[in-house]
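Listed after this line are the structures, all set down as structure tokens.
There are two complexes below, and they share chain A, which is joined by chain B in the first and by chain C in the second.
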Partner chain A sequence: MIPLSETLSQGRELVAEIEHRSGQKVADCYQCGTCSSTCAAADAFDYPPHMFMRLLQLGAVDRAMASTTGQLCYDCMTCSSRCPIRIDVADVIETTKNIADEQGIRESERGLRLFRNLFLKNVRRHGRLHEASLLAWFNLKSGKLTNDLSLVPLILRRKNVRIVQPRIKDRAQVRRIFQRAKERPRW
Partner chain B sequence: MRIGVFVCQCGTNIAATVSTERVASAAMALRDVVHAESIQYTCSDPGQRTVIAAAHKYALDRVVIAACSPRMHETTFQRTMAQAGINPFMMEMVNIREHCSWIHSDMEVATEKAIDLVSMGVAKVRGQTPLFSSHVPVVSEVLIIGGGVAGIQAALDIADAGMPVTLVERGPTIGGNMARLDKTFPTLDCSSCILTPRMVEVKHHENIRLMVNSEVEQVRGYIGNFEVDIRKKATCVDEEKCTGCQICEQKCPSEAPDEFNAGVGETKAISIAFPQAVPLVASLRKEYCRLYIKGKCGICKKVCPADAVDYEQEDELHTEKFGAIVVATGYELFDWRQAYPHYGGGLYPDVITSIQYERMLSASGPTGGHIQRPSDGAEPKEIVFLSCVGSRDESIGRPLCCKVGCMYIAKQAILTREHIPDSRTYVFYMDVRAGGKGYDEFYRRAQKEAGAVYLRGRVGKIYPRGGKLVVMGADTLVGENVEVEADLVVLATGIDAAAGAGSLAQRLNIPYDQYGFLSESHPKLRPVETTTGGIFLAGACQGPKDIPETVAQASAAAAKVIVLLSHDELETSPMIAEVNHMRCIGCFKCREVCPYHAIEEQGLRDGRRVAVVIESLCQGCGLCTVACPPSVISLRGYTDNQLIEEVTAVLR
Partner chain C sequence: MVSTAYSYYPGCSLTSSATEYDISFRKVVEALGIQLDELEDWNCCGASPAPHHKAETLGVLLPGRNLHIAGASHDAIVAPCAGCYNRLKYAQYKLAGDQDIREQTSEVFQAEVRYQTEVLNIVQMLNREITPEALRERSQGRLANIRIGAYYGCLLTRPADILGFDSPRDPRKMRPLMEATGAEVPHFPFKTECCGSYMGLARKDILLKASHRIIEVAVSTGLDALVTACPLCHQNLDLRQEQINKAMGTSLRMPVLYFSQLIGLAMGISPEELELDALVVQPDMDRWLKGVA
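Our next item is the complex of A and B:
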């Protein structure tokens, strides 16, 4: 049960914060469900995008922040591009997730933040994703050294993952992209 | 006797399954048929010209047209007959499309059947005699029943066309439900600001006679010639003398429920409904008056400066003649209390109806435009609206949609935000139905600008807790139960036909449905007509409607009335019942079964009492012809002999 009188009063400030940072209005959403039906990851979320929006509309920010939606969303932005009222749904989800991080809300999916950080670091270093090293680093840092180890011969044989892969031409440019993103105000 | 038979191919509609050539040649073999042919499209101009040419060439005096349903083209071919110089009723249509080609696939069988049908038509038309329409004079005055916005609109339109109108209103003022509204969706213009000028116009229009506190008691007669008894109820106030000063109301010691304000606040036994009432005349309700309850008072009479109060006043009965009647009796709100015990059934004072809320929103209302909790007068902050209370609920036998609830809730939510900026509104809904110009945008505005929280689900229960009302509902969008601690709950109650609409319909002899809404003659093509000629419908008496629709329908009804009354005489269908007076035994069984009151009793010179058909009233349904014990009533164009000939032909 959602005690609306309570959630709407208590959640008001945080919803306003999310709206301010993302520049989106959650009340604009009319719950058509296009975002969820177009989302490739919706099945993995506890709340598909439209329900995530709905939680914010009902002031249930705590639940939105703790949900796996923000953690598992890979920002493909399809929801945002298909939204008939042009709400940037992905931005709302990401903003909510960022606020959750700032508030130190622990992720329910273990290792997600580690993976994300390693992923970005990896791209920054190589200019593109170097999968083999990402997997190695992840196992190392998460302390689960033998995780998925049995798959290694298979993926090497099939060449799904290469240990040596061609470098991109201008790694410095990718680094500059990272730099710009860092300098950009977050909202 | 020279009969021509024309078999229509209707393109391939008929010709694909019926061999029209074979039908035509078979028809040639029938008695008295002098010409038969197959035509590609008989109803087309060349088709009709072919028929006319054949009629001249073969000197036809009777015609059979085997084509589509007479509902489709009977009048077309009657006109063709007239052009060919043949009495239009000497033409018989045989339906070989809907009744034959469309429903069969075997050409052989279908052709046989078409031949049978044509031979029946020929047999029938052989017994046909020329018929002639008669004319009845038309009374040019119009009666409008109900003084809401529909009645007002129709009255003004008809009166502007120069026809005298009598507008009969049951209550003490015109204006109806619209006068009780604060603002109107989706423009938020002030309801009374746009309505009251029209009300005043009615009052001063030279062609309109306004009768308030009046009811239609009996209706006799027929299209163009109705005779109506109208009872003008005694109100103990002389309408001519009363100046509307309201001193009586101020001094009256007897409190009475305020119906205009839907029970928000009280009024006096002698009162004026609202400041802009038309006519601005007080009326006294005896059931609340101390003089009539305790036998002692009379204050209003003493204080009245115009000497308008008259306790001796009696009901007046007027009998008037009208050419047409427009029924505009409107709607009332469904009484939800019995049906919804889980919403408190009326026990919780802070669960109110939307019209009560509307009166609170109104600046000229009993609270002066302040929203107050009825229980303690406090300003509510958390306000919950429930849609579909008494609508779309089969468990209480009301599956209908009230059509305006979604929109007026959006309006009230927007107005609530204007009245109480720090309030929060919740709307429990099943669907939001906002079809109409600017309607969806308006309802979205309630969400976006007024911050109304829309929750998709019906409310299961309301119960009081610590001075608040707990509203237990569900939001199916998030798939969970929700709960609101509300200060005030507003129920968007469904729409019912006005009380007594059904009995009025019986007096008018027009059909109505299980909710008391009056039935139109055809849902698409005759939406303002009834099945009784000369009686038209306007507004929500026919079904739930918003104001623009009501006004449009009222103008449509007015147009129909104007068309009807633009003729001095009416042509009547000659295909009606006829009594053979010589053999009538005067049992009047026919009068009992006639649904149109078209049979009257007449004395002959020899003293016998016989039945006579009122030609302008008879619709030719034929009930009397079968009810008549000695079989002396016949339907012109469908005489017993003709029907027997038809049957004989098919059995031959």
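Our next item is the complex of A and C:
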């Protein structure tokens, strides 16, 4: 239950920022619950999507930002595609998570952050992702050394599997791309 | 000089955990007499980890580079991976709609960005190159013994306003060619459900639940196989099927084929050439092709 006493005005600014960046109006949500009933990850969330929207409507942004919803949403966009008034719920959740991350309110879950960082590091250095290297680095860094090792022989029985890390020629341009994204993560 | 051939963007998965998708796609295209030119020096599209929501730069610049290269030589680029297709379309949408984004991108690329090459997924491309009637003629009901489900997942259709491909709630574009194989294609109620995406390494618990629901509904629908156009869906549903069963205490069995493998079988290309033996959950080919000379 969300106590109405949490409807604090201090959350309004952040809600306005979320609305501005996502281009969505959280007040439009009339709590039909379709998003939550169709969400494949709702079991893992402390607030399913419609409750997440309700938190923002109430200005309880801290709760929304601290929730697991943004961390664990994998952006399948099912909620957005089913919303009867076409609110892009997935974008609202993602935007809230990004702002929480930027403002140091809540970092992404460690394993998922590690996965994203290692993925992008591999692409930044070589221009292409090498799945085997990603798995190896992830297991080393997370300490889960045997994670998914049983899948390796199943992958290796394929023809043409790249055993060594592929690299593109124009890595300088890929470096420029990442440099630009670092300097200006948003347009 | 613009070629009439397609520029081909395989993407990273098709060079490692999904090589059978690359091989079977090339076989089908070759049998149709179409030329594919692999995109020169292509890079990773950024997939899910590259931030891409509304305003973020990396999600445009990475796929944008591929669009830019393709634009120099080809009118159309085909990306069989649903994720790569999705990211290319997203970059194109952002570049087409915003002059400031075009200018900034051109600055990074040190050339005026080319972004207008038509981006096609595998279903669009094959629908264009072979009609259901022509495929039916070739297949002669070859796959008449089986029931298969069209599984679209997320990235092939969503967000619909950017992709403009098919309904995000009730997509149907895979079906005509699938039916032309001779197979029965009943409604698969979980055709747009998410398989759990990239959670496999970090949060297997969440992923396996999501994938389990899809396999479970496929089994209860009485299907002989699911058909997908996404290597990540395939990885989660086929490669991880044993993990799914172990985690959920079930003993479900559901082969998952790539769209190109199915079309190839219908065209009379052998299961070996289409790399069907790469699948973890093997279809019973003797029963599938029973009565076929």
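Going forward, the second predicted complex is superposed on the first by the 115 of 187 C-alpha atoms of A that agree within 3 Å, B and C clash if a C-alpha of one lies under 4 Å from a C-alpha of the other, contacts with A are read in each partner's own complex, and residues count from 1 in each chain.
Keep in mind that, in the parts below, a contact is a pair of C-beta atoms (placed from the backbone, for glycine too) under 8 Å apart; a residue touches a chain by one contact, two chains touch by 3 or more.
If you're wondering where the values come from, they're calculated on a predicted model, not measured in any experiment.
Q: Using the touch definition from the top, say if A:L149 reaches chain B (first), chain C (second), both or neither.
A: A:L149 sits against neither chain B nor chain C.
Q: After the superposition on A, what does A:A41 contact: first (chain B), second (chain C), both or neither?
A: After superposition on chain A, A:A41 lies in contact with chain C alone.
Q: When the two structures are overlaid on chain A, which partner does A:F138 contact: first (chain B), second (chain C), both, or neither?
A: A:F138 sits against chain C, while chain B stays out of touch.
Q: A:V123 in the overlay: touching chain B, chain C, both, or neither? Say first, second, both or neither.
A: second
Q: Would you sort A:Q173 into first (chain B), second (chain C), both or neither based on which partner it touches?
A: In the superposed model, A:Q173 contacts chain C only, not chain B.
Q: Given the superposition on chain A, which partner contacts more residues in chain A: chain B or chain C?
A: Partner touching more chain A residues in the overlay: C.
Q: Scan A:V161 for contacts with chain B and chain C and give back first, second, both or neither.
A: second
Q: Pick one for A:Q57: touches chain B only (first), chain C only (second), both, or neither.
A: After superposing on A, A:Q57 lies in contact with chain B but is clear of chain C.
Q: Identify the partner contact of A:K25: answer first if only chain B is touched, second if only chain C is, both if each is, neither if none is.
A: After superposing on A, A:K25 lies in contact with chain B but is clear of chain C.
Q: So chain A touches chain B in one structure and chain C in the other; where do those two contact lists coincide?
A: On chain A, the chain B and chain C contacts do not overlap at all.
Q: Quick check: in the complex, which residue numbers of chain A touch chain C?
A: These residues of chain A touch chain C: 21-23, 40-41, 43-44, 72, 74-78, 80-82, 88, 91, 94-95, 98, 109, 111-112, 114-116, 119-120, 123, 127-132, 134-135, 138, 142, 147-148, 150-151, 154-155, 157-162, 166, 168-170, 173-174, 176-178, 180-181, 184-187.
Q: Using the touch rule from the top, collect the residues of chain A that touch chain B in their complex.
A: It comes out as residues 1-5, 8, 25, 27-28, 30-31, 50-51, 54-55, 57-58, 60.
Q: Spell out the residues on chain C that touch chain A in their complex, using ranges where they run on.
A: 12-13, 15-17, 19-20, 22-23, 41-44, 46-51, 53-58, 60-62, 65, 98, 100-101, 104, 108-109, 153-154, 157-160, 168-169, 192-194, 196-203, 205-206, 209-210, 213, 239-240, 242, 275, 277-278, 280
Q: Write out the stretch or stretches of chain B touching chain A in their complex.
A: Contacts found on chain B: 382, 424, 426, 444, 447-448, 451, 453, 455-456, 475, 477-486.
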